[in-house]
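Each chain gets a letter, A, B, C and D, in the order it is written, and its residues are counted from 1.
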Amino acid sequence: MSGNTIGVLFKVTTWGESHGPAVGAVIDGCPPRIDISETDIQAELDRRRPGGLLSASPRREADRVEILSGVFEGKTTGTPISLMIRNADAESAAYEELRNLFRPGHGDITYQAKYGIRDHRGGGRASGRETAGRVAAGAVARKIIGRAGMAVTAFTRELGGIVAGGEFSAETAENPLRCPDPEAGKRMIARLEEARATGDTLGGIVEIRVRGCPPGLGEPVFGKIDGDLAGALMGIGTVKGVEIGAGFAAARMTGSACNDTIGPEGFRTNNAGGILAGITSGAEIVIRVACKPIPSIARPQETIDIWGNPAVVTIKGRHDAAVIPRIIPVCEAMVSIVLADHLLRQRAIAG
Amino acid sequence: MSGNTIGVLFKVTTWGESHGPAVGAVIDGCPPRIDISETDIQAELDRRRPGGLLSASPRREADRVEILSGVFEGKTTGTPISLMIRNADAESAAYEELRNLFRPGHGDITYQAKYGIRDHRGGGRASGRETAGRVAAGAVARKIIGRAGMAVTAFTRELGGIVAGGEFSAETAENPLRCPDPEAGKRMIARLEEARATGDTLGGIVEIRVRGCPPGLGEPVFGKIDGDLAGALMGIGTVKGVEIGAGFAAARMTGSACNDTIGPEGFRTNNAGGILAGITSGAEIVIRVACKPIPSIARPQETIDIWGNPAVVTIKGRHDAAVIPRIIPVCEAMVSIVLADHLLRQRAIAG
Amino acid sequence: MSGNTIGVLFKVTTWGESHGPAVGAVIDGCPPRIDISETDIQAELDRRRPGGLLSASPRREADRVEILSGVFEGKTTGTPISLMIRNADAESAAYEELRNLFRPGHGDITYQAKYGIRDHRGGGRASGRETAGRVAAGAVARKIIGRAGMAVTAFTRELGGIVAGGEFSAETAENPLRCPDPEAGKRMIARLEEARATGDTLGGIVEIRVRGCPPGLGEPVFGKIDGDLAGALMGIGTVKGVEIGAGFAAARMTGSACNDTIGPEGFRTNNAGGILAGITSGAEIVIRVACKPIPSIARPQETIDIWGNPAVVTIKGRHDAAVIPRIIPVCEAMVSIVLADHLLRQRAIAG
Amino acid sequence: MSGNTIGVLFKVTTWGESHGPAVGAVIDGCPPRIDISETDIQAELDRRRPGGLLSASPRREADRVEILSGVFEGKTTGTPISLMIRNADAESAAYEELRNLFRPGHGDITYQAKYGIRDHRGGGRASGRETAGRVAAGAVARKIIGRAGMAVTAFTRELGGIVAGGEFSAETAENPLRCPDPEAGKRMIARLEEARATGDTLGGIVEIRVRGCPPGLGEPVFGKIDGDLAGALMGIGTVKGVEIGAGFAAARMTGSACNDTIGPEGFRTNNAGGILAGITSGAEIVIRVACKPIPSIARPQETIDIWGNPAVVTIKGRHDAAVIPRIIPVCEAMVSIVLADHLLRQRAIAG
């Protein structure tokens, strides 16, 4: 991973700022002859779109993806796939008062420190809007790994401190919060409404499962599949923690409890989360990511301006009360991209 | 990260199997004119060596590092630095009975699935011994970041379910467990002895701090410093979870509590753990990693052989009861390597 | 270089097919705070545009570049710069009869062999049109190296077997053939008209000079500046040979004649072409590239179809009679991109 | 290619200085279960060893390769292969008088400019000795491409201005100059003896052929096989020019003469040298590289010291009179490495 590109063979580069002309992604290394259409990609993009019951984002993102290259008569050609999504509704003027202020919890201060310049409008490159390019590219990755039998599914495991029990099911997919536990889901919605009423925001935990992953994906030391997955997920703006299988709970287990014994029928437990020594074992991959609360809160916050003077910033406009559920397709996209890359890498040596 | 190499400018490639002739690392991209000697590197290697009060590893690893290239008259020349550590004491025969068995919790089964062949002796490439190359390379990275004012320190935050309070101090460094809380440290040692007596092993949590990190390290999307750190740390064999700053606790916070407000004197809290939008802020970097218990337990375990038949495996020899404290210098090495790489990358654009 | 991306720090990815919706480039790793505008880039693009005295390409390429990201208020921000050029005039139907035929000298047959699918319209990805993305990115690279005092200039050294003497001057830049030898230039034009009249095409040699290159760019073994320049230039579709300094003539020299002796005032000759052991010496960089004749000739040619049956192909439309002079800005772009990348790499270690 | 590593999937990193403890290479990404032994690699290394009729190098390089990792019971395991060759005979003291002088035609002056430090003994990293690591790695690459039916053969096409006719045959392989034209070979030897007698050196041209290369290797734009081959070959210290197929002669051809027409039996000519649009066509790959005369001549040469003062340097010891034939296995190694990498890359997408 370097800069804005991820992957060795299936390489995704995203570009674009929140309030620039467009955001997008270029996929280099997609195998040829895979059916892909703008409709396929649009379906994924629509999942991260603001709007609906839970969202308060005022921005009407049309988010219409355009395939600019690499697909011919409905099939990939093996050449780079360029995907573009125009930024339809850029209320840049609303951000003018943030030009010289650093919003707490945002990248304003670090971008300024790094580059000495920044597009302050809506977070610029650090905006959640950048993830549209990831999701678009993830839709292509999903096709590749789908052909190999893999299915990536993420859902809400925790929100605002409320833990959801249960496992993902068809019903979960239709739940607006993508929560597998209807009772917990109701409480999560109440908590969200309460947070919004007080001008505050909530964090949560997303759980990601991969079914059907073949054994053998991942590389020995610095390209371990768990390392690459953790790197990709921690690289989502909101994520502050990643754990695999038993995760942090493994730190409190004994070896005899944590080891997954093996029988002819397979692993008898899955504390490893489907990965041993950095390589997939064929068991289900299980990952959880901790999402911090959205830093754009409606309350005044103490901060400084770019000259170091104390200031108070109040973020205007309506923002989501939690990054969940909109972050869920982003998590799925990142996992799909990493798996697609490793699937191709494994094919190279398995000949 | 691809295969066995990490880094864009400061690139470290490790090689070697547990019971092959040697293990080592090649560093490509080290700046010239940095003082480095075998003694400097040896000091770091000695920290991960088995032996002493807490270790029961029977292997007498001499672990003498040899600098084979890239250093001339005590200074780096800018050319690749090749580091080699001979494997002095390879009791390969002892592993013969494991040739066709898969040890639970180890990479035996996944290496076999991936490559169709494996060096079964002592875990081969998946052995903890591979980390000697990382630590040796980390000693060079530490020199680079040290010249920029950075200090990386890791210590034991939790072991066998016992949580250590307190912060790292000079005394912590002399504690055999590298535990900042003497009282907790005593209980940890008792727990370790108990585990060893029952043929079991323990997991724990290592905390890593980076002081003096300049703001501006990290890249926008796929080379975020938190993503790269998480990827590097999750790529240590024992690690099942990584969190930064408030980490998983952030998932239960509100935005108003989680946001670190800013004053002219700096950030007033550090829930971000020194990183905002993937770029260092100048605040202390705070990371915790969850280490699973060592899978080599002294009890018989159910498993299968390479033909899928049920079997029982009993691991001979004496093994450590926990990966802590030996994993601590490995964590420091990985963090140092990632920071050295990003420091050079930042210099490239800051001209 | 992998697939469609070149560079380690200044990374350029091009995308797009000749008759798809657009072509473009993404630049990742451009330093911040560099003045750049669509006008700057357009000026370079206009140099490769068909049309004018020497061109017979029927395609009216508007070639209007659009900056989609990475530039804010006229300055680069350090984030990816996405450049797009719409394909205004895609007469795809004219290519229908080439759908199942392999044009001699073109990549039709190799793309089909590699991918099992291809966009046959106008050569698809293998079209010269792809170089628009390179030239656009090269305009940004030129800004970076220009700030470091470097100037890249290419011109026609030979066309259709006619060798031009002389050196590049201001007059050369205004010559339609960019030929430094007015008398030879006249004969070249006559030869071009003769070729066109007979439905044939001509090859030639482009010479590239870099003035003001600082010493120290390039890396020891696999990132040598001559290796990277040769790789980048041989990767232009038309190029079949690259030589540096004395080049092939050096193979016929003795060491005493070929070695450039050094005095306090500098190198006394420049057989090395400004590069020693893969690193720039501060002397002028001198490169020549051999361009084959354009394979799209107006005469019937024997070939096969995709099923292996013999066929005759006659390429319709009007095509240029030589890739010179349109290839000249492409050569300059590639050299600028390689130098920009190495300049940044050198800054990283020179701190 | 970055620094000292080449390849995307089959990655070779070389390390080592002429008079340091050792030189070597690490191969990362070699497929598993390939038979390889030290004997296989030694056979290639012996081909580049000084000594024999034509060589005057005083250095007795034992050049015994040691496999340190990645091979288990005679087969590759898929993990990194570390190869080391000790520098047996390092007469460093002889180089003391060159510590502060820049030898014309050598990298002394550019390494000093780049790094501000250099190992002056025998050229350090810029020594021809570095190529031992390339040749060792090339022996492994040759195994991989050999299994796919490819054979790489290089030979002397020109030496000291004497052109050899003919094609490579079994007899050529036994000729000390690896010259396919016995009569020309005799004159080459006389020319070499004459050069040596006058304290001078000669350049020449090596021709490389690849038989059995499958169609489809190479990538669209920046990973074209001709670009990668040219980059790898121009990165050999002695090479100043590379041409493919008709090469520079193509610049003087017409399109109707240069295009290789295609029949059901294949290409009727091979001006393309086996590569179209950067992708192999299945025809024989034909490359020629121009080698400059060895810069270490026995005559006094004007130069400067590191402080810029005029000086005269006389290079002691006995050196070869030409880099041919010792460079031939290096050319074969580089071509084999590039082809092995692209073969694996093609397998990844061909699934």
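The definition used in the following text is that contacts are C-beta pairs under 8 Å (C-beta built on N, C-alpha and C of every residue); 3 or more make two chains touch, one makes a residue touch a chain.
What you see is a predicted model; the values in this text were computed from it and never measured.
Taking A-B and B-D together, the chain pair joined by more C-beta contacts is A-B. The interface of B-C is repeated, with over half of its contact pairs matching by residue number, by A-D among C-D, A-D or A-C.
Our note on geometry: subunit A versus subunit D, Cα centroid distance of 46 Å, whole angstroms.
Separation between the centroids of subunit A and subunit B, computed from CA atoms only, is 26 Å.
Subunit B and subunit D, compared by their mean Cα positions, are separated by 38 Å. Contact with two or more other chains is made by residues 2-5, 8, 14, 29, 32, 78-80, 114-115, 125, 220, 349 of subunit D. Those residues of subunit A that touch subunit C in the complex are listed here as 2-5, 11, 13-17, 20-24, 26, 28-29, 32-33, 66-70, 72, 75, 77-82, 84, 114-119, 124-125. Listed in rising order, the residues of subunit C touching subunit B in the complex are 8-9, 29, 31-32, 78-80, 220, 344-345, 347-351. By the touch rule above, subunit C contacts subunit D in their complex via residues 1-6, 8, 12, 14, 102, 104-107, 109-111, 113-115, 123, 125-126, 130, 158, 160-161, 195, 199-205, 215-224, 226-235, 237, 240-248, 250-256, 258-264, 268, 271-273, 275-282, 290-297, 299, 301-304, 308-310, 346, 349.
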